[in-house]
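Each chain gets a letter, A, B, C and D, in the order it is written, and its residues are counted from 1.
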Amino acid sequence: MAFVFPQNILFKHCDPAGIVFFPRYFEMINDCVEVFFDTELGFSFVEIHKYGGVPTAEISAKFSAPSRHGDKLDIRLECIKIGRASLTLEIKAICGEETRFTANSALVFVNSQGRPQSWPNDLRAALEKFKKG
Amino acid sequence: MAFVFPQNILFKHCDPAGIVFFPRYFEMINDCVEVFFDTELGFSFVEIHKYGGVPTAEISAKFSAPSRHGDKLDIRLECIKIGRASLTLEIKAICGEETRFTANSALVFVNSQGRPQSWPNDLRAALEKFKKG
Amino acid sequence: MAFVFPQNILFKHCDPAGIVFFPRYFEMINDCVEVFFDTELGFSFVEIHKYGGVPTAEISAKFSAPSRHGDKLDIRLECIKIGRASLTLEIKAICGEETRFTANSALVFVNSQGRPQSWPNDLRAALEKFKKG
Amino acid sequence: MAFVFPQNILFKHCDPAGIVFFPRYFEMINDCVEVFFDTELGFSFVEIHKYGGVPTAEISAKFSAPSRHGDKLDIRLECIKIGRASLTLEIKAICGEETRFTANSALVFVNSQGRPQSWPNDLRAALEKFKKG
């Protein structure tokens, strides 16, 4: 099962070449992860940031085709690997039949001192449902 | 020889956890590449975008330590691979002795139809000077 | 009648003080106007930008109370004045009973040379429905 | 005496119409104020945010001519009114002979509870030097 986050390409996302400026994709990725935690895991970024955080440790993205103003993307998130305190996600943006980008992101669950801490069991169970088959 | 781009961490770069929000690093990377083309290669993004562009095809980054408001980074750029129409860069941010991120970015030089085109010879020669040893 | 644009305050909107960084409000205002044109006026920013644009000529905002990560805003847009080629909007953000900001924005409808041009009659009629009473 | 903050218009600032997207001007304004406090007042935003902040209470801007990628702006800041805990600034962007925008911004100096507090005397004295004649 994938979590799907719809994202319309707005004026603010686009550059003078008329296509999405790639750092804006990373904002969309962060928004997608935030909404995933909030709506699917019942573990909001607001709550998490009271006691720590989920910083991104590593990320890579391949931009396979440009997106233009007005495009309607589906950003699909799946869990690749659920570690003790880490989480590797695949995040893919699709417009119609076309893949626009494929990203892999590794997050770490940290406490307020920035030390990695184990995911709570119920969160881990919720993540398992989104494991890539 | 590396191109060094100084970057102060400003209020706008930081998130509620008090550290740089990672998509802002990608804006800094883009700025660094833009200033590199403009000042070191004599081939400005303004000129390039009249007849095409240099879209980012792929990028990966590892964030090894957080940056905070007020930190003074040196962003170091070196050429890893100079292809016919592509360019792979290593971009590293350092604060004092500490590495904050290491990124690899692959750009493509395209014409106004988005087709890859060969780097001009003088540009290629200029890039060679920044080849990682 | 007001156009209401719901906006959740996300991690990316907030600064190290834990409140919305005010330039992000201007992005929200632009998004609100874009979605208003697209969904209520049937005159999308994508279409408009093929032949010209609707640049913001003037804007003012009063930030009456801070917004925090997780807040759910309603951004309400009403037309204050519909000129020949201009449009003055009031855009107000409300969270529960509290006003977070009140902005006044003046847009101009321009052609591809940047010259002001009259709003089409059907667009003007659509705008009238959102006139502040 | 005005504080002058040079700002090159970069690729990231521009929209599909090829001109600066107006919310980016507000980021530049914030950067200008931050650098002004840091270099001219000797009172850095980093220090201020340890014990409070300087939130923007009100801002207005008139965009008199568009800025394009590659333009070199001088952003000029002057103090209009120095209140007990407030500060009204005029911030104007000039490119060659042409004014690009004129903004008025009102900041408030607050403590960690968000309550207005008096500017320290030495800061007030430093601000007086930048009072608009």
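A few remarks follow.
Criterion: a contact is a pair of C-beta atoms (placed from the backbone, for glycine too) under 8 Å apart; a residue touches a chain by one contact, two chains touch by 3 or more.
Bear in mind that the values here come from a model prediction, so they are computed numbers and not experimental data.
When the C-beta pairs in contact are tallied for B-C and for A-C, the bigger tally goes to A-C. Against reference pair A-D, the listed pairs B-D, B-C or C-D yield one interface repeat, B-C (criterion: more than half of contact pairs the same by residue number). With every chain reduced to the mean of its CA atoms, the largest distance from chain C is reached by B.
Chain A and chain C have CA centres that are 28 Å apart. Here the CA centre of chain A is 23 Å from the CA centre of chain B. One inter-chain figure worth recording: chain B and chain C are separated by 34 Å, centre to centre, where each centre is the mean of the chain's CA atoms. Annotation for chain B: residues 11-12, 16, 21, 23, 27, 30, 49, 69 touch two or more other chains. Chain contacts here are complete: no pair of chains fails to touch. In the complex of the two chains, the chain B residues touching chain C come out as 11-12, 14-16, 18, 21, 23, 69. Those residues of chain A that touch chain C in the complex are listed here as 10-12, 27, 30-31, 34, 44-46, 49, 69-70. Those residues of chain A that touch chain B in the complex are listed here as 16-17, 19, 21-24, 26-27, 30, 49, 53, 55-63, 66, 114.
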